[in-house]
Each structure stands twice: as C-alpha cells, then as structure tokens.
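Look at the two complexes coming up: subunit A is in both, with subunit B in one and subunit C in the other.
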Partner chain A sequence: MPEPATDMVLLKAAGTPPRLLAKALFLAGLLLLACLASLLFGAGDVGPVRALTWLLGGGDDEAHFVISTLRAPRALIGLTVGMALGVSGALLQAVARNPLAEPGLLGVSAGSAFAVALILVMGASAATLRVGVAQIGALVGCLCVLGVARLRGVDGDPIRLVLAGAAFTGLLGALTSLLLLYDQRAADEIRFWVVGSLSGRRLDDLVAIAPGLLVAGVITLLIARPLASLALGERVATGLGHQPKLIRLLVIFSVALLVGSATAVAGPIAFVGLVVPYAARALAGPDIRRTLWLCLLLGPLMVITADIISRLLVAPSEMPLGVLTALCGAPVLVAVVRARRLPSL
Partner chain B sequence: MSTRIPFSTIRLSRLVSAGAVSLLLAMVSASPVLARTLDTAYGEVEIEGEPQRVVTLYEGALDVSVAAGITPLAAVATRGGEGVASYLESDVPGIAIVGTARETNLEAVVAQSPDLILASPQLPQEQYAILSRIAPTLVPLTEETTAESWKDEARFFAKGLGKASQIEQRLEELERRAEAIAEHVSAQGSPGASLVRWMPQGPLVMSEQLFSTGLLAAAGFEVTDAGLVKGGRPHSDPLSLENLARIDNDWLFLATLNEEGEAALESARTSPAFSRLSAVENDRVVPVNGQLWTSATGPLAASAILDRIAEVTGAGTGD
Partner chain C sequence: MSTPSDALGDEAAGLEASDLGLAYGKHTIIEALNLSLPQGQVTAIVGPNGCGKSTLLAGLARLHTPSQGHVLLDGQDIQRLPSRALATRLALLPQETHAPEGLTVSELIRFGRQPHQGWLRQWSEEDQCVVAQAMEAADLQGLADRSLDALSGGQRQRAWIAMTIAQHTPLLLLDEPTSALDLGHQIEVFELIRRLAAKGRTVVMVVHDLASACRYADYLVAMHEGAIIAEGDPRDIVTPTLVRQLYGIDCTLIPDPETGSPLLAGIRRASS
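This part shows the complex of A and B:
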C-alpha cells in the first residue's frame, strides 16, 4: 500500500463521526451523574436528601463537613485515578497489541508495593506514608522491567516486554512477601494498603502527583498519532517517519507515570486498566485516538461508581475499592477470554 | 476423650544426658505439689510435680508463668514484634523465641526439652498431636473469647504450673485495683470509651469483649464498640470516616503496633474527620501500646494496662 494512501486512511479514521460524539456526550453525562451521586451517597447519616439540601444552599454543619471534606475530595481523586488508569490501560494494550495486557504487568504496581513494604519494614507507619514512596517504587519497578528487556535485547518486541514485566512482577512480589515474613508489624499494616481505597486520601496527595500526570498527559497527546500508525504495522509506521522503538519507550514511560501516580494515591486498584480500554474499543473501534478519549470518561465512571457501591454495601463500614473493582472486573475478563473472537488491535 | 501422658516416661525417653540431673532435681522439688488432672481442650491431662522446663506458645501463658514466678525457657514472639512483648522484656532476659502466634518452630521446642508446654486455645489438633509427644501440652478450653476468659485461662495455666493459689491472689489484687480506679473514674460520671486502631481510610474498632476493653470496663468506663464488631471477631472492618461519630466517646484509646504512639496520634490528627471528634478536641485521646492492649493477656499485662488507665485518669498509681 503506498504511503500517502495510508496516511489518508488514517486521517479519515481520525475524523469524529457524529455517532461517536453522541456516545461520548452520553458517557460524559453519566460521569457527571456519577460525580453527583458520589456527593449524595455515603456510608454515614448524611443521606441524599440532606446532601442535596446543602448543595442547594441550605443544610447543616454535618452535611457541610461530610460533603466538602470527605466526599468531594474523594470524587476528585476517583476522577483522577480513573482517568490515569483508563488511559494507561489503553496505551499499554495498544503498544503490546494485546487486549489482555494490564498496566500492573509492567512491574508498576509490584514496584510500588515493594517500595511501600520496604519503607514499612524500615519503621514507617501506613498512617504516615507519603505518596512519593509509592511513585518512586512504581517508576523504579518499570525501569527495571525496561532494563531487563534491553539487556536481553528484546525491547523491540512488545509481547516479550510484557513477559519480562510478568517475570519481574513475580520477583518483586516474592521479595515483598519475604520482607513481610520478616516483619510481622509491616505485614499487618500493608494488608490494608494492598487493597486500594479512595477513603481518607488527602487533596495534598493529588497535588503531589499532578506533575507526573501532566507529563504523562503531554506525552500521550504527542504519541497518540504515531501509536495509531504503529497499529497498522511496524513497517507502515516506519514508512510514515515514526520510530517504533521510541514510541514504545515513551508509551511505557507514560504508563509508569500514570499507574504510579494512581497507585501512590489510592493503592493498587485491579482490573480498571484492563476492562476500561476493552469497553472503549467496543464503543469506538480499535483506533487508539478515539479509545483514549473514551477511556478518559469510562475510567473515572468505573472507579467512581465502584467507590459509591463500596460505601453502600457494608455500611457503616466500607468495602475496600480494590476488592470491588476486582469483583466487577473478573467477569468482564472471563467474557473477553470466552468471546468468539478476541477484539483485535 | 482422655489423653493420659505418663509424665516420667516422656522425660526418660526424651532427655538422655542433661535430663538425668534435672530429673533428679525435679523429683526432689516436686514432692510438695500434688499430682493434678487438667481438663484441656484435647481431653484430660495429668501433671505431677512442679514443672521446671516450661515452654509457652501463647502470650497469655507466658504472662501467667512469669506472674507465678516461673521463668519459661522459650516463648513465641508478640504480634508485630520479634521478641516478647515489651512490658515483659525485662522479666525474661534472653528467653528463646520458638515461633510466632501463628507458627511454631517444633524443632526449636524439642531443643528446649521442656517438661510442660502451655499453648493457645486456638492450637490446632495436628499441632497438639505433635507437641503432646514432646511434653504434656496444656490447651485451655475456651469456647468463645470474652472479656473475662483470660482469668479462667490464667487459673488453668496456674493449676498446670502448680501455682494456683499465687495466681488466685494476683487476680484478687487486680480486682481490688480495678475497683479503686473505677471509684475514681465513676466520679467523673461513668465516661464512655472506645478502643480503636487508626488507619488513614478509617479506624478498626476493637471489640467490647477483649481483654483490654474488659479492663477498661472494670476500671469504670462505659466501653462500647458501637455494635460494629461482628460475633467473635476481635475488631470491626475499617469504619467509614463518615461514621466516626459512632465512636465519639468521652475517651478514645488509640492502639498502635509500633512504638511511636505519639507519632501515630499526630498522623491521625492530619485527618479532618479525626480531629473534629470531641475526644480529640477535649484532648482525651490516649495512645496505647498495641502489643499490650490488643495482643497480650494475663495478670502482668492487666497490671500494666491498669497502670496506664490510672495514669491518664489521674487515679494515681496506688500500689
């Protein structure tokens, strides 16, 4: 296929058909509703009616405190974490060209968990933990995976990269277990961190991860187009003047930033990065430039909805969010695997 | 089911060289204590004489032993620690650690050649089968852990150690001590209290039926877990930060697993939901040692907890 024609095809595909716009608007509406619901529902005594009264300018002190100090930051963090996880999933699946690739596989979550375990063993307490530790752990974990892949000279092959990630995740997991076996107290503290949660996180944490997210966002905008051409094959992308190796490296770097930031704030949250891009492809087809936008809406939609359910299921206690997303995500994964035809990338 | 263990046979078969001397000693010193039969979780166990080489595989049993004046040769590590709980450290210098509450290193137990093993009520049958071949093993028959069950366990272990009257006396002293504090605390109008472990996403509320919450109640507090702890469990699931009002009592006892109680309190204060609790505003939050308050049991632990309660309520250390 001559190059200009390919470019024309790409350009045409990039145009936004009205039906997709309608879907995106619908999702945005749903997300808005979810955010509102996130302010209205909680495990406590401030029910929807009281919350709504306060939102409309009336109301009492308790509602003011619960909504402005507890629920609003939570919704905001859910929004951010959901976007980061959704986008990172789409990026990674596109670059690995495998619908079952999961951001956790790059050693990112395992890296954060190991860093957190290490710092706990060294005497910190889960209550005083700062987000930087998990973020650095995520990046280091990811860089190790990249390093291993380069060392073996397989960094040109995305599938092998994921395999290296899986191996490294296993290794880090084993090291974490070893540390925790050695230190009972740390084991006791970390068991509540390893199931992610949005509760009790501070807005300061959000500020702390903002730079990382910003960098990842800019990279993502820059590489969306080359990544789409990469989907047509290595030779096509090279022919269009892109550098597949560089693209892959940038994608992985931004995935590490996104997942590292999300994990640092909320702990590991399973399956969002896997399920959201899958749903986005079902709605918008395989073009990464479209799925990315939908992931920005679908990710937070899933996280915030799951968070609301996690508050209501076992009130007055709360179920950890990570458990809930895994419960919702697992059936979707099974459905993907059992589907007659895996959605191709 | 009745498991009778021929005490002297085991000793003779297990202890070959070093055993001979200590056996002789044991028989000499054993004479004043009568043989006794204990009703354990795994049937009746008969004990003769006064045990000399005791291994405790349960923090409560270690406490009772030390309180009875018998220093065990080996014990298990406290929850979240590498040695015994810090309140007992100075009483048992150089004690061997033969495992954790969850896992016992059987070889290390054998190496101590014990003549009595005191174990936790949760000791599984398979473990018992092995341990009881090393030495007579006493597993208290505790159906359901309540705030009072530690006393029966203390009496049970004391009987096994041949020190029943000493421990009975200790328990009576503790009761009098608690009553004295309760008199002082009740004068403040039976204040409410809760024991929690703070975590950023919400506290774990400790059951009313724990050893330490039982002591708080005995010391005159109206202890409550606000009905959050489901039957038989030691603590609740993480309580939603929206529902902190349920544990907003006059006093809040904050158990921490690491030593820095004050640091844990400081970090809890960074949570806006925590710092608006009335107990926090009135400065009635007491950081307490989690090893002592949520892991240990026994007369010495009780005494240490009552000391802390007396200290913070201003009831005096009154000995």
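This part shows the complex of A and C:
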C-alpha cells in the first residue's frame, strides 16, 4: 500500500482552474453589452436614446420596427455566426494541429461560397437549399485542403498549409467571380453576400441552419475529450483508447456544418476562426475542452462588435463585415507568423 | 476517502505474440515471431537500428495490425478487444512525444484517466487520487502546475511516464524511454521503471543501449533482422558472440561488481 497522497498533491491535481469561470463570466458580460449596443446603434434615424426608450417600454413605432425587425434579428444572426465560426476555427486548428488553420484562410469558406454561387447561377434561390449546398461546399473545401496538407512536404509546416489554403481560396474566389460575370441576376443577388455581411438577413435563415448547427454541437460535445488527447499525438491518443481517424472525420464533418451554415447566412467571413481561438488559448490554455467554451463567447463578441463598427464607420452606408474582420484579423496573422516561432498545438 | 490500491498483481497481464508477422505494405519487417513476456518484470527489447524492435512494440500495442498471427493479452486476441478496454489494460508511451505549448504536468497526467472515463463517468475522486499517486510515484510533487516546456528532459519524460501510470494498467509498453536523455536523466527514468515493476506492473521497453538494458531489465529480448536471436536473463544470454551477432563488434564482458549484470569492455569493430 503506497502512502496516501497528501492534500496538497490532490489539490494540485484538481481540475479546471477556478479563474476560467471568472474569465467566462466576464466575457459573457461583455457579450451581453455588445448585444445591447447592437440594438442601440445603427444607421438611420433611430439613435441610442430612442432605442433605449423603446427597450425600456416606451418609445415609438419606428423604433419598434427598426429594432424588432432589423437590429434584433441581426444581433441574433451575429451571435449564431460568431459561435459557429469561433468553434469551427478551434476545431480545425486542433485537427490540423496548426495554429494558422482557419476556415476562411484555408478555403473552407471559399468552397462554401463557390458552391452557393454555382447554384445561384443555375437558378436556385431557396434558403434551405443554399444551406445544404454551402455545407457540402465547405466539406469539399475542407477535404481538399487537408488532403493537400497530408502530402509530403506540406505536412508539419503550418505556414505551407496556409499557403496551400491561400492558393485554393484565390482559385475558388476567381472561379466565383467568373461565374458572376456571366450572370448579372445572380451577381446582383449575392454581390454583398460574397464579401460577408450580416445586413438584410432574415430570421428564416437561422431556422434553416439550426439543424446543422445542432448536429455539429452534439458531435463536438461527444468528441471533445478524444480530440483533446489528439493534441498529444496520434499514437498517444490511440494508446488512450481513442480512434484518431474517426475523430478526425467527425471533426471535419462538424467544421463543414458550422462553416457552411455561417457562410450560407452571412457569406464568407475570414479571420474570425483565427483570432478567436488564438485569444481563447491565451485565456484558457491549450486544452480544447476549455478553449471551446471561450470560443462560444469570443466568436459572437468579435462578430457583433465588428458588425456594430461596420455600421458606424462609414454611416449612413455600411462597410461589409468581412472587410472589417479582415482588417482586424490580417495584422494578427502577420503577428503570429512573425513571432519568433509558431506556437505548437 | 478510499484510496485505490496500487497493487495490480491480481490482474493477470500476460502478453504474448504468436506466429506474429508485421509489415509495412509489402515490406515485411517481422515474420512468424513467438514471444511470451514474463509478468511483473521488466523486459527490454534490444537490437541494432532497423532490426524491428520498435515495430514489434507497436505490434504488441496494437498500433500496427499484424499481417499474420496474433498478439494475445491473457489469451485474447488484442485485435478483437474494444479500444477502450485495451487501453485500461495496456498503456503505451511512444518514442517521440509532443505536447501542446503551455500544457502543465498535472494536465498531462490527467489524460491518463481517459480510458476510465465515459459519458456517464466523468472526472471522479478516484481519478484524482490515481493522478496524485502517479505524480508521487514519478517523483513529480511540486511540479504539478509547471508547464512541460519548463522541465528538464528527465522530469518531462517522468511526467509522460506518470501519464501512463495514471492509466492504471497492469502492462506498460515504453518505446525508447531514455533515448533523448543524458546519463543522469536516464538513470532517473530507469529507476522509476524499476519501482513500477516492484509494484507488480509488467514493463516492456525498447532500449537502445545494451548496457542499460542489461542493468535494468529482468528479461532481455535480442532482435536481429526481425527475428529474436536470444531471450532470457541478461546475465545468462549476453555473450561476446551475441554482441557480435547483434552489433558487429568484439568485446569483453565483465560482470558489474555491484549487480552482476554484464558490462561491455574493450569494444572494437569485429575483425571479419
């Protein structure tokens, strides 16, 4: 019989650091503020004071209309898209073991956008159809770029994977533009969509993507533990009784569902999946079981904040959200790449 | 609080290879190999580079699917065991390990509890206790919250071994557990392995250095070109002829004055 472990050792071996909960609560508070701000600010005549009056029970019909039919759905969509993009980035980075693996940079969003452009040109327009097609496009994009990543030489160098993704994204972007050149109607319909934006979306879009998001959420919950062990290497994960190949497939499937859904609603929005997991890791450490929770809060926080800024920056017109996230995200990418060495996952 | 007993002696841990063949594609590494590992002892697999020792270990751990024959754990074919069930009976430490930046010692060791957890069985007091014991066994008290990157090579390797200890399996397979360590750290790790065997675990390790294998193993398996050319107590089987067969060197063997295990002296390239 070994000596009983001391309390001190037991304490050290204990689970989640209590600080994580405090951080999560703080972020939840910030997110709540962002949501509120998203209802208060916007282009048009309804300013913060009128909006707040309506929220507090008073106010006028115009404020009612603007908030309940324009700003509230927009905030909800921002919340959903942000969660989907933040989580998908964390998942893709974990499965590629690459801190730069971001759905927007690797061509997953571009694959999704290309697929949607393709069916629009072919004459379709139903929202539900668009969601399914966007998800299939994301899946194909994901498989293509991870297939490239497994080729000899690219494997093991995070930056090469991003280069492969950039080439792929560029190619798909060019093809999408080409399609739109030939079809003016489709071009008008998706010109704003293709740069990524939350404006003019309807709540129906959320209903269409709900099933996909639900499935992705359940899969993510089921595979979180084995996925965390994959960070220790394939052999160790196998030794712990997991099946890395199966986990990887399931992760890719959920990433496709998440990115496809987000893209179907808001268009391709890059860099959220890079910046959000990066911040989450800085706050919660390397274990994906913890970073995922923070991504659920940080993703919408970033998307909603960027959306508010996009409304105010060049009011009364709007800057597309995708442009703004790229403006914030690109410097982060440069900073990460320029760092003395890449953080390893 | 009840402390789970660390004695694993009541669980049998017989691992055998029967007519085992392992291949990469069409390239056969091991053919028709038979081996039965002594329980509760330390077995070292030695041999020159490329002799198939790591492949054999991978086969024993089911990282590699046999092209022929079977690996039997207590008489059962390991290919037929569910992954989780296997992971509660056999723990494995690969040669090259990699941990994400910032992972702490206690976080790493907690991974060892995964095979014992499930949807209905989340983190428990027993897990906590086993992790604390593993940390104590590997002499890592006080380092629980240290990041792995901040440890010495020996401490880091002991932390990885502690993860496999926390898996609480009667069998431990270690692939070159000391390959990247300096002499002092090697001894740290080998002494930990001896302590584990003293507590009833069966340890199988691939070892590069014949002298360390002789010093720390109860049972030696010498491999050459995918076949076992000698096995048994190192004091009985290690002879100048065997050393010559394995490594192509001539040497004189003298017994270690402290332990009696064979030491290699006067090493020179074999005159052909």
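Here is the rule we use: the second predicted complex is superposed on the first by the 260 of 345 C-alpha atoms of A that agree within 3 Å, B and C clash if a C-alpha of one lies under 4 Å from a C-alpha of the other, contacts with A are read in each partner's own complex, and residues count from 1 in each chain.
FYI, contacts are C-beta pairs under 8 Å (C-beta built on N, C-alpha and C of every residue); 3 or more make two chains touch, one makes a residue touch a chain.
Bear in mind that the values here come from a model prediction, so they are computed numbers and not experimental data.
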Key: subunit B versus subunit C as contact partner of A:Arg311, first or second or both or neither   = first
Which superposed partner A:Arg338 touches (first subunit B, second subunit C, both, neither) = neither
Task = For A:His242, decide between first (touching subunit B), second (touching subunit C), both and neither.
result = second
Inquiry  = Tell me the contact category for A:Ser229 with respect to subunit B and subunit C: first, second, both or neither.
reply    = second
Task = Would you please give the residues of subunit A that touch subunit B in one complex and also touch subunit C in the other complex?
result = none
Inquiry  = Which residues of subunit A touch subunit B once you look at their complex with the stated criterion?
reply    = 42-46, 65-66, 69-70, 123, 125-129, 184-185, 188-189, 192, 197, 199-202, 311, 314-320
Inquiry  = Under the definition above, what is the set of subunit A residues touching subunit C in their complex?
reply    = 1-6, 8-10, 12-15, 222, 225-226, 228-229, 231-233, 235-236, 238-243, 281, 285-287, 343-345
Note = Residue set of subunit C touching subunit A in the complex reads 3, 5-7, 61-63, 83-88, 91-94, 96-104, 106-112, 114-115, 117, 119, 123, 128-129, 131-133, 135-137, 141, 144-145, 164, 167, 199
Subunit B residues within the subunit A interface of the complex = 77, 79-82, 100, 198-202, 228, 236-243, 245-246, 256-258, 260, 263-264, 267-268, 270-273, 276
